[in-house]
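Two complexes are shown next, each including subunit A; its partner changes from subunit B in the first to subunit C in the second.
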Partner chain A sequence: MLVNGLTAIGATVLKIPPSSVNDYEANAYRAAQAALLARRSQVISCTPTSSADATCMRTLATRFVPLAFRRPATEAELTRWTAVGVEAAEAYDDFVRGAEFLLAGLLQSPAFLYLDEVGETDGAWRRLTAWELASRVSFFLTSGPPDELLREAAANGSLLTDEGLRAQAARLLEKPEARAASLALFDELLELHNLDHLAKDSARFPGFDAQALAPSMREETHRVLLDLVFDSPGDFRDILTTRTTFVDGPLAQHYGMPPVSGWTRATAAEGRAGILTHAAFLSLQSHPSANSPTYRGRFIRERLLCQVIPAPPPEVDTSLPPAAPGTQRTLRQRLTEKTSASRCQGCHRVMDPPGFAFERFDAIGRVQALDDGLPIDTSGSLDERGAFDDAPGMLALLREDARFTDCLARVVFRQAVGHVDLPGEARPLKAAADAFTESGHRYQSLLVELVASEAFRSGVLEDAP
Partner chain B sequence: MRRLLLLAFLGGCQGVLTGPPVWQQPPTEPPVDPHPTTPVTELAPFEPAPLRPRLLLSHQYVNAVRARRATCW
Partner chain C sequence: MKPFRLSRRTLLRGAGAALALPTFDAMLDSHGVAYADGTTPPKRFLVWFFGNGVRRSLWTPTQVGTSYSLTPELAPLLDEARGIDVRGYTSVISGFNVKTQHLRGHHTGACALLSGSNIVPLPAGSAPYNSKFGRKSIDQELADVIAGDTRFRSLQLAVSKRWTRGEGPTLANLSHRGPDQPLTQNANPANVYNELFAGFLPKDPTDPRDRLRASVLDAVSDDARALQSRLGAADRQRLDAHLTGLSELRQRILALPPVITSACTLPAQVTSTNADSGGVEPIEDVSSIMSDLIATAFACDLTRVVTLQFSGSVGGHCFKVLSPSEPRDNEHAITHESEHQAKVDAAVRFTMRNFAYTLHRLRSTMEGTAGNLLDNSVVLCTSDVAEGLDHSIHDYPVLLAGKGGGALKSGYHFRSNNGRNTSDILMTCVRAMGAGLNSVGQDEGYSNTPIAELLS
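Let's look at the complex of A and B:
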């Protein structure tokens, strides 16, 4: 569930219906059964001397409770979970069934299902324990639980030092899982998950099969991001301006490029620059049959500049009427006329100018030379940052805009901690953004700086409502 | 019994989490530039945010299970 555009925030308010709990319970048993079927000797490393051998069951608990809870187990927990396994083993007269209940129970335990952080007293604040910090950094950077080296760093306390934490973060970023975790954030930030149900008007775009091309659209943006973040690390702001891209056969055809075989690094055509001129973004931030400068501009305002754009008043008809019969009007002209009222201008004068920059791209991301037979005006200005002639010009201004780098730091931080940044966190976030700038805007540096920030490592306990 | 505990725990969370916290409520203010390029030293001293439990579902949970299979089993 997305809240404020991020699953990580949704995870703090997610409600679980009883039917889902039932499904999860069944799946927990299936997972335990599968593990015991496929790798029994690895799961049960001791040899039980009886069907309800408590010593061997405790060996299982000693190994799996700390892994499931991502921290050392207390003596009471080991006793309790050993008893769960022994009780089931006695009931079924089968040690393996007992192990199954132990494992399935662990998978249903709140300590396994939740990142539950309470920290330790540190003056007026709480500082995350080494084990809590290990889980927080691991799920943030790799979308998974702490690995062995991270657990070692938590156990020996080195994770609580600034250099130890930075070293672990840098190490985790070299793991393959870090690529998937970063892509998961970019998917949410760019709303790429919505490509799964992309639909376009077949009358307006005959022959365009959205569902057939959507995977290629998504892959193109993924490849450019991975290239800039991991494979050829460079200035992350280049995501807005680079003409380096990747296409496969169907996408090359869609863009009108020469045929290619398989995924190929390519140079985007003149007029395209960065991921916001990819078919994925342009298609997603459009209507089924027409462009939406408002959607495209609002995305830039809200997602890239962290500005707040209220929803239109409920009584307002936001549909855009077609040009009057016998007249020719570009979409820009019609939208400008429709939103000329002062009550509309408060937001549309902010959203629409950057959106108009993309008007040479249609609702499926292809180049369009004319709009209703008229020349297309893509010029405008981005606040006081300057004037532009087209999308590459607007995106070049955005690239140099400090609000973009500050916003990026804030959005990534939200993913890391599961809440929208609060005013009291502005100082460490600004410091991380400044360090990101000093690093030459290396995205991996931003991740490390955020992990090392006070805001990532500290919290306060919330009063019960 | 364990299942009941889980249900009670999740149910309890639902009760506790009824109504979004302040920072998750829909914005109502007009568009402004909320993040001027103020030097760090001029920003207010750091105040940490409330710690809240997070459910490891969705892609995080799926990846966690995959990683667990790889590292544990």
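Let's look at the complex of A and C:
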């Protein structure tokens, strides 16, 4: 479950419900049976001399307990799990059934299901052991357990050197799993999973099928991110400004671009800049029938600048009434009037200005020339960073804003370690953010720098050393 | 070298989240628990929850007492065309206010009505807003007392799949075994069926499978205890919760099958998985299947405590009734659009139509000479806000249905004229269930004063 915007944090603070214990059990038997069906000879590497051959069962335990637990096994564990396999093999008079219960058991063990990061005290730091570090790096960068080379690096200790750790991180980033792991974080950061139930007002947008177009919207943002991070690595801040994008037929039509067949690299129309002008973001941060400069601006404040925006006061009607009959008002005018009270202004003067920059895009991400028949004002200023005329102008300011890169580093770090960064982690985190800047803002460099930081390699410090 | 303190923060992380284990259909080969000893049936407790509130002007009856007239939004409780009449089983409670601190729309109301506690904003630093319950939810308080040796200590079900997951446990879950242990609701009727009724299937007595599964769980528990010994207090508690889950599963595996009675028979196989059709959720179908499953689970005494989330707080559900030709209106979103309040009303009526069916289903399941299931149940029906438009939490909409085995008066409209605490309603549930707890809730949500007028 997402906590503080990230599944990685939910997995650290919550207790699992009993229903998950059921699901783990059912899945464990399915997985064990599937493995024994598809790869029996690889799984059962010894030849049992009898249906309940304890020596061969111990061979299996010796191989699979460390794999499942991602560390060397203890003697007690080997004895325990060998006994489970032997008991089942005897009961069924079948060695394979014994292996099934052994494997299914390992997959339910807390040693498999949790990452324990207890570490060892080392001077003023509490350092993760090589095995703990291997799991942390691997789950962070590839969403899965350590591979053979990483296990080797943990076993021979090279993972504990700065050089060895960086080399492993760089190597893991070349695996296909690294792409999926990065997208999983971006999905949570950009709230793209909410596209699954995107709903728009059919009276306001006749013919628009949100459910049909949502997968293309998500794919566009994914492709731009993958391009900039992995395929043609560049300055990651360009996600806010690049006009390079990818569209398929339905999306090209939605944007009013020339027809394409299949996914095609394209240049977005003038006036668009980066992923915040994609249909995905613009649709998600809107109401079903109307734009929400507040949602769009709040997203920039909270998710991209790591600022805190309180909730509206209790029992406030936050709906925006339509213009009085016979009058013409833009949404910006109506919102400004509605929020003019001082108790609203505290937050709205912070949230709304960057949101107004997107007013030339409607609630499904298309361009709108007029609002209620009136010209649209997208100008404003971003704190003391400067004035802008429109979305590309605002996003260009955001791109240069150090608060954005610092916030990005913090969010990615939270994903990596499963908790909101603590005061004692500020210094190493800042060092990683600075190294990210020095690298020319290469996202892969940010990942490697975070992995190499003291805050990642240590357990948790409440106070700076 | 400056000394440092180790953080009390957890050092244990669920790898499952990162692993994204595939969710297979859970088909547990396990037995149910024996019941039906011919004595008084047990009391059951059901929370029936819907998101985003009502429109009080169309919800609250003007008359109080037993002769209240059904309002437009409560009209589905008496629906002659469907053969449904549960008005006499339903009490309306109005004029009650949430007394806990109104920290955040939706969060505060859900937490107060389900647990009588203040929400706990999660220490977010600069991360997005999240909160959790301050206390275990009322269904779990009651399960501690009344679950007995039922096969399922409690069940968590949902109809709409589109509940919000981005604001922490308060809005993502109805049922909370503790502040850090939200219980996930199951929105897949086929899965619920399999889990509930697998124990009815004939078993091969020579198959050692269940005994071996129990042995595996013992070894898993040994691993858990070995790991626990290395951890700090917070993580030990998290593994305690895991160990409890293991021991409950073990108990279910080894339990005896249920005794078949006239009320408790194996229902027909349910195949619905609650899949969207053309982007629309099959809400009414799933709601009626879930109602059937709840009735059988109660009748077979597989469980005595159920929470059903019909629609989620701030959920992304779209009810077909809102715009029949193009059913894509998101209910939470329209509650915040003042020109769309007629659609909100339609959504509430649709919700009550489904609630009425659940009650009807309980009412039409007889328990020998001891009346029907609704006679022996207490059903709490409420929402996360009073009205969605302004996130208000005063004059809260609450229905209390069922007769609690004779302990609860029904068919009554009780209105508080001095804004009583909504936790008094929870305390009324506790008394009606005969659960023997002296109070519910805490801080401003504390109550030890049930609504005397509703207790027999």
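Things worth noting here:
Convention: the second predicted complex is superposed on the first by the 455 of 465 C-alpha atoms of A that agree within 3 Å, B and C clash if a C-alpha of one lies under 4 Å from a C-alpha of the other, contacts with A are read in each partner's own complex, and residues count from 1 in each chain.
In this section, a residue touches a chain if its C-beta (ideal position, glycine included) is under 8 Å from a C-beta of that chain, and two chains touch if they have at least 3 such contacts.
Since we're looking at a predicted model, the values are computed, not measured.
In the superposition on chain A, contact of A:64 is made with subunit B only, not with subunit C. In the superposed pair of complexes, A:403 makes contact with subunit B only, with no contact to subunit C. Contacts of A:385 after superposition: neither subunit B nor subunit C is touched. Look at A:366: by the touch rule set out above, it reaches neither subunit B nor subunit C. Of the two partner chains, neither subunit B nor subunit C is touched by A:166. In the superposition on chain A, A:346 contacts subunit B only, with no contact to subunit C. Of the two partner chains, neither subunit B nor subunit C is touched by A:243. By the touch criterion stated above, A:430 is placed in contact with subunit B alone, subunit C being left untouched. Legend: residue contacts after superposition of the two complexes on their common chain; A:144 is shown touching both subunit B and subunit C. Residues 1, 3-4, 7-16, 18, 21, 25, 84, 105, 108-110, 112-119, 125-126, 139, 143-145, 306-308, 311, 407, 410, 418-422, 424, 459-462, 464-465 of subunit A are contacted both by subunit B in one complex and by subunit C in the other.
Residues of subunit C that touch subunit A in their complex: 1-7, 9-28, 102-105, 108, 122-130, 153, 156, 162, 165-166, 168-169, 172, 177-178, 180-184, 186, 195, 208, 211-213, 215-217, 219-220, 222-224, 226-227, 230-231, 237-239, 241-242, 244-246, 248-249, 276, 278-279, 316-318, 323, 325-326, 328-330, 333-334, 336-339, 389-394. If you check the complex, the residues on subunit A that touch subunit B are 1, 3-4, 7-16, 18, 21, 25, 31, 35, 38-39, 42-43, 64, 67, 84, 105, 108-110, 112-119, 125-126, 139, 142-145, 147-148, 177, 180-181, 184, 301, 305-311, 346-347, 350, 383, 402-403, 406-407, 410, 417-428, 430-431, 434, 454-455, 458-462, 464-465. Looking at the complex, you find that subunit B touches subunit A at residues 2-3, 6-7, 9-10, 13-14, 16-17, 20-21, 23-24, 26-35, 37-38, 40, 43-61, 63-69, 71-73. On the subunit A side of its complex with subunit C, the touching residues are 1-27, 30, 74, 76-77, 80-81, 83-84, 87-88, 91-92, 101, 104-105, 108-119, 123-126, 135, 139, 143-145, 191, 193-194, 196-197, 199-203, 209-212, 287-290, 302-303, 306-308, 311-312, 314-319, 321-322, 407, 410, 414, 418-422, 424, 459-465.
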